[in-house]
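Note that the chains are named A, B, C and D in the order they appear, and that numbering of residues resets to 1 at the start of each chain.
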Amino acid sequence: MIVALILLPTFAAAAVLAIRSAAARRTLLVLVALGHAGLTAATFVRPAGPQLGGWLLLDPLGAVFLAILSLLFLTAALYGIGYLAREARRPTGLADEGFLATNQPEAVFTACLLMFLATMTLVTVSHNFGLLWVAVEATTLASAPLIYFHRQKRSLEATWKYLLVCSVGIAVALLGNFFLAIAVTEPDGRSIPLVLNDLLAAADQLDPTWLKATFLLFLVGYGTKMGLAPLHTWLPDAHSEAPSMVSALLSGALLNCAFLAILRILQVCSAAGLAGFAQPLLILFGLLSMSVAAVFIIRQDDFKRMLAYSSVEHMGLLALGVGLGGAATFGAMLHALNHSLTKGMLFLVAGNLLAAYRTKSVAGTGGAIRVLPVSGALWIAGILAICGSPPFGPFVSELAIIKAAFDQNATWVAVAVLSLLAVIFIGMAAAMLRMAYGAPPERLAAETRPREQACTFLPPLALAVLVLVLGVYVPPVVEDALRLAALALGGRQ
Amino acid sequence: MDATQLIHPLLALALAPLMAGIVNKTKSAFAGRNGPPVLQPYRDLWRLLHKGAVYSRTTSWILRAGPIVSLAAVVTALAMLPFGGTAAPLSFAGDLIVFAYLFGLVRFLMVAAALDTGSSFEGMGASREVTFSALAEPALLLALAALARMAGSPSLSGLLAGAVANPAVSIPVLLLAAAAVGIVLLAENARIPVDDPNTHLELTMIHEVMILDTSGPDLAFAGYAALLKQWAFAALLVGVLVPWRTGVLWADVALALAAMAAVAVGIGVVESTMARLRLVRVPQLLLAAVACAALAVVLVLR
Amino acid sequence: MDFWVNCLVVLIAMTNLRLLGSSRVVSCVHTVAFQGVLLGVLAIVGASGGLAAHGIVLAAVNIVLKGLVFPWLLMRALRETHLRREVEPAIGFGASMLLGVLLIGICLWIGSRLPLPVGVQASPLLVPAALFTLMVGLFMIVAGRKALTQVVGYLSIENGITAFGLGFALKEALLVELGILLDAFMAVFVMGIIIFHISREFDHIDAGELSALKD
Amino acid sequence: MQLILASTAIIFLGGLLALAVASRPRAASVLAAVGAIAGSAVGLVPALRAVLGGTHDAIACPWGLPLGEFHVALDALSGLFLVPILVLTAVAAVYGTRYLGHDTGPRVGVSWFFYSLLTCGMIAVVVARDAVLFLLAWETMSLASFFLVAYDDRRESVRHAAWTYLVATHIGTAALIALFVLMARQHGSLDFDHWNAGGMTSALASLCFLLAVAGFGTKAGFMPLHVWLPEAHPAAPSHVSAVMSGVMIKTGIYGLLRILSLIGPPPAWWGWLLIAIGLSSGILGILFALAQHDLKRLLAYSSVENIGIIAMGLGLGVLGTAYAAPTVATLGYAAALWHVLNHALFKGLLFLGAGAVLHAAGTTRIDRLGGLARRMPRTAMAFLFGAVAVCGLPPLNGFTSEFLVFIAALNGMLSGDLLVGATTAAVIAGLAVIGGLAVACFTKACGTIFLGEPRTSEADEAHEAGGTMWATMALLMVACVVVGVASPWLIGRSLASPLAVLCPAPAGLPIDLNVASSPLTGVVLAAAAFIGIALILVLLRRRLLAGRSVTQSGTWDCGYQRPTARMQYTSSSFAQPLVDLFRGLLRPRRDAAPIVELFPTAAHLQTHVGDLFTDRLIAPAFRRVREVLSRLRWIQHGRVQWYVLYIALTLLVLLVWKLG
């Protein structure tokens, strides 16, 4: 079944390149997304056994991220129908870009999208560190063309930076792999295979010094991909220039995959009794990321960049939660879910706003609730949600993390988190008000503006409903899955 | 309640105009005129009561309500004052606050009535009225609070009952309180040095200018209310300054009445010997009153 | 045999110095290609226990990819982008050399902090050498003016890491190593494409000029 | 308890229906109002039972939310706050149907939805007994009111007000989160019932208290934290302002009381802190109110003042508790609770009146109005009653609660030592100043708006408020009178159980409400006497004027015939002496083109009084932070080489740091 999860999108990608008609391609995209979601659900019902000698295994931790990925991709795909149709009609040329962009061939785009899905799925299921690395690097390569969908200078630049920075980071992670390989070499020259469960089993035989070095390299390498400051530099560019549905996937799924990679090595470290070494570093990077995000969110004029920095912030929060350990781990897992859904929703809505206003400038986007009633409302709700206001999901998870921090007497961490969250809220609230409310620009004030189409707002709406539900009620099945994942990370409750 | 409690209200209703008469007589004596007869205020009131009324087209029912409410409120306030050994008809814990706030009600309605005419002069007077009384109020209440602490009773009847327990403390406290109340008396009743009751330049008036457009019975009510208010404050001052009791009812009352007359003369003397302060300097005078009261509080707390 | 390994390692380190020093893109490309070949040799020599199939395959793939394919790709990109051959380095020759020495020092120190566990038999120079190659790659990316230089830098990083893997003849599964190489290849390939687009859109590949996206 | 849930459900349902038919504003308004009335009717039953009978019933059931537990309870304290919430929201809803009558578009229905949400949020806040549930309710309430404030979002000022409010309330919530989490750490549970007073170190208790003051004070509008209030209240539609000012900010007081009842015996300095806050809020609040030119801003500042009075009452209560002086404690708490109720009534009335003025004359700028008393006499009367009440003048309800604070202070003065005496003396003086300034402030408002001649044509063409609006105002007006006159009995019946709930705080002090109700009986006697005499005088006046000439003429203006409206005293000129007296605090800004030439051309004078803390504290702080942050933005300069350098350096630093 796991293999199917990976092969399905792969073959579909190949097929897409062959298919001529756009309609068929889009249908296939949605079908694959549906199938993927179905298979994922199936894995929850009937857990799949290890494959390729334990190289592919769906453990609770991976399952959580796989579920998030699958759900988000499904939404994005549904959104994609309307999006690609719209792009085919009139490509999104930006006012601040000056000229209309010509898009990449849709077939290539769709194929890359599917490959992106395949590689990310591989990340969530691969238990061999080498394979994990290959998968993560592959996600980079698969997503690079997606960012360059609008063929214009800015997106080209973004792609270049994304590719270079991430490749360098990933290279560091590769070195980490070899360090790990050395760490596992036993005195008699034999070495433990780099498969997670074997490593966990034999954790006490690992060479601590090299394991520490390995963790550092993984932290820097995958941290680059995950967007931990100061390694986050590619993130705002890529997110702001990529087409919105891609941004949603990048922020909601890709960053999680990199996070998962870090979690894997963290598992090994804690098993080897190095948690005390690893976790403070995670807390440090977490706070650093949140601060950097705060700096750039205040008075940010590009709303997609604002969302990107907010992703930096939340990745920081995740790292911090895991770094605190204990109850905070569960909070972090829950937060990963909440953040992915909310941020995905926000990026999709941002796509609608972008298509209507033709600008990414906050100042140039006014009166959204008049121009796009539903999207405008969703935008308000999403911003409030991502800032951690009840009754939305992120509030609960953030509260859990903060509470755990207090309970562990990490009072200063908690205070720092609270104040940083407040600062970020101030910045985002200002942008939200300026965009959602007020009078729309003359060009759009006219009544002639086209009505919103359901296909553009239904997917984000669905996500919004989910986030709202998670804010007042977490279904037992979800909670159990998250608890198991937290347990796998050695978190309590 | 026994009949003696009604003595003071009746005396007040009867003698308040006389007090004004005495004040005027004193002033004219100082000015070397022989001045209006002592009973002149009675005549004025009587004449006004039998006049018709002229109302501005601008005004509403508020102008008519003002004098009535103020007169009623002042009479009610009088009912809480003990006077020379006679208990007040109405006495309960904290009645001193009601006493003060009834005058606040008077102020509110009179100011409203003044603004009702839309005349800039009456607006001016109203503005000054609220300004000064906003400063007079804390002085009065602080002074009363000091006395209350000293007498150990939260009601006017108690704190004016006149038990001079420990002269070393109580005498200075009494004097300070008296000073505060005295200044408030002058300020609240449109007296020099705060206001000149019988100037003829509206620009300089406070109280008189507020009733420019009041006429007939309304004016009589307003004037009578003003006289009663003056009596009330004077009685308060007397209560503070003359704490001694003979125990014989008529003697105490007579003593108090004499004291009232003395206060009236005193007012006259002050008015004839002092000039009106510039309006911008009045607040300083009132702040001085507040300072006296605060000092009294500190002394009494120590 | 350790002797040969050491020799190779030292050679790789020397090539790094050349990379630092050289002021021509072409020579950089050639140097990196030479590194690739050395790595192939290293794969054969380092494969303890004689020539296992494992080692041979890796060596072959290394030599073919890094020694032939990559240089060819890069030269093609060079031609397409009409790049003036001279790089005008952001950091001059002397400074680069000094920095190189400094980096060697740091890498040696780090190597000294990372004692090889018993059971890993390999040249003790390998850790510093690999790290050094990595650092030099990073240095080229940071200091390079042209996007192409940065690709070369990336390749040098890749080489350093591969050297590490091969030098220790780690029992990493063949599949993984091939995957790694494939990824590297794809990376370079995609980068090449992007560079091609850059040169078309911007009429230059000055990385320094690519700074429109900022806050 | 079930009834409370039912009423919440009904109200929420009304909101949903209003949202559903948002395309037809009238229908939406009616549906929402009906829901509000029905829900309130249902909810009042248990609320009153809890207040009068002191019953306590709860519902606790597990809840599919991590950390969370669904635990609601209704005790006398909750009930006491619940009653004004239900009453005022219902009344204001009725008023709103007419008030929003002219607005079109879906936003009306949407606003009604949020109105219902606000009501439900407030109900949930006062009945919640679980920290997470409380926070949910709290933020629901805040967000709903935020959307209501942003109702008229085309105006930039409104957007700014909404932003200010959102930020303020969010920061307050942050403090509350810290508070609850600390309490939870102490007692190992997020359930209020487990937060028994025992076992808190005094330091921790004080920390919690301070957090509560910060968090709840932001909502309530304690002086340094009040900055959102004068922005948000004018921006919102008037019936919403009435609800926000009348009851919503009181939830802050509720929270403070609830926490006080949970964190055990208070040290004296808490009382002093509260009294200091109360004094500053009261005096500064009324001073700034006096200096305003906009009626709704003025009312908002007066809300700050009244919150100050409530804080004084609380402070005296705490002080009495700390000094084991039951009389002072009882009187203080009673005064606070009673003023909560009264302020809801008269401030609601005043905001509704302001709404009527806005509705009729199209502006609330005081100096553009005038003479409305003869154009809308009923509104004028209602507003006048409200004004007398808010000034705390007998015989209306406002006086009764201020009177309680006074006698609490007097009792403290009579009994206490030097410190207590000084504090209470300060309270007395402060209340006196507040009273005097309040009279000045509201005579200015009433006088300039309703009396004299209209200053603009809009004011001239003003029309009387419609039946529904008038009816709601009349209701509140009557309530003010009745509550004022019946206060001794009402207090005796209604405050006993709430005080008993607070009793854990007054460490089991004996509560005897006679100390409150017996003096009030005297007050009522005085009031009765006053009213009787007034009636006699009315009759007397009629007899005297009978058959005499009563003529009309122009205002006597010292020789000028026909004084024009332009010649009237404006509110600014009326307040000028006091504003000038306190210019050190108010810092009035004047922008004037003085008359220079012999034959003067156009000249103008404009004065403005900004908020002390906004202008001198908050705004500069925000500016400084923004500067610092923007100086850090170079990190993201766009050069990819440097980005790689970041990676390299991070790597090196980590390796050297961690391996060294």
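Just so we're on the same page, a residue touches a chain if its C-beta (ideal position, glycine included) is under 8 Å from a C-beta of that chain, and two chains touch if they have at least 3 such contacts.
Source: prediction; values computed, not measured.
Ranked by how close its mean Cα position lies to the mean of all protein Cα atoms, the top chain is D.
Summed over C-beta pairs in contact, the chain pair with the top total is B-D.
Most remote from chain A, judged by the distance between CA-atom centroids, is B. In this assembly, the C-alpha centroid of chain C lies 70 Å from the C-alpha centroid of chain D. Between the CA-based centres of chain B and chain C the separation comes to 100 Å, rounded to the whole angstrom. The geometric centre of chain A is 78 Å away from that of chain B, both derived from CA atoms.
The centroid of the Cα atoms in chain A and the matching centroid in chain C are 31 Å apart.
Multi-chain contact residues, meaning those touching two or more other chains, occur in chain C at positions 113-114, 138, 141, 150, 210, 212-213, 215. The residues of chain A that reach two or more other chains are 160-161, 164, 168, 172, 209, 213, 236, 296, listed in rising order.
Shown for chain B are the residues that touch two or more other chains, of which there are none. The set of touching chain pairs reads A-C, A-D, B-D, C-D, using the touch definition from the header.
Of all residues in chain D, those touching chain C in their complex are 633, 636-642, 644-645, 647-648, 652, 655-656, 659-660.
On chain A, the positions that touch chain C within their shared complex are 128, 130-131, 133-134, 137-138, 140-141, 144-145, 148, 151-154, 156-161, 163-164, 167-168, 171-172, 174-175, 177-178, 181-183, 185-191, 193-194, 207, 209-210, 213, 236-237, 240-241, 296, 300, 305. Put simply, chain A touches chain D in their complex at residues 160-161, 164-165, 168-169, 172, 209, 212-213, 216-217, 219-220, 224, 230-231, 233-234, 236, 277, 281, 292, 294-296, 298-299, 330, 334, 369, 373, 384, 387, 389-391, 395-396, 399-400, 402-403, 406-407, 414-415, 418-419, 421-423, 425-426, 429-430, 433-434, 437-439, 471-476, 479.
Residue ranges of chain D in contact with chain A, taken from their complex: 63-68, 106, 132, 135-136, 138-140, 143, 150, 153-154, 156, 159, 162-163, 166-167, 170-171, 174, 177-178, 181-182, 184-185, 625-626, 629-630, 632-633, 635-636, 640, 643-644, 646-647, 650-651, 654-655, 658-659. Chain B contributes residues 49-62, 64, 68-69, 71-73, 75-76, 79-80, 90-95, 97-98, 100-102, 104-105, 107-108, 111-112, 115-124, 126-128, 130-131, 133-138, 140-142, 145, 148-149, 152-154, 202, 212-213, 216-218, 221, 279, 283, 290, 294, 297-298, 301-302 to its touches with chain D in the complex.
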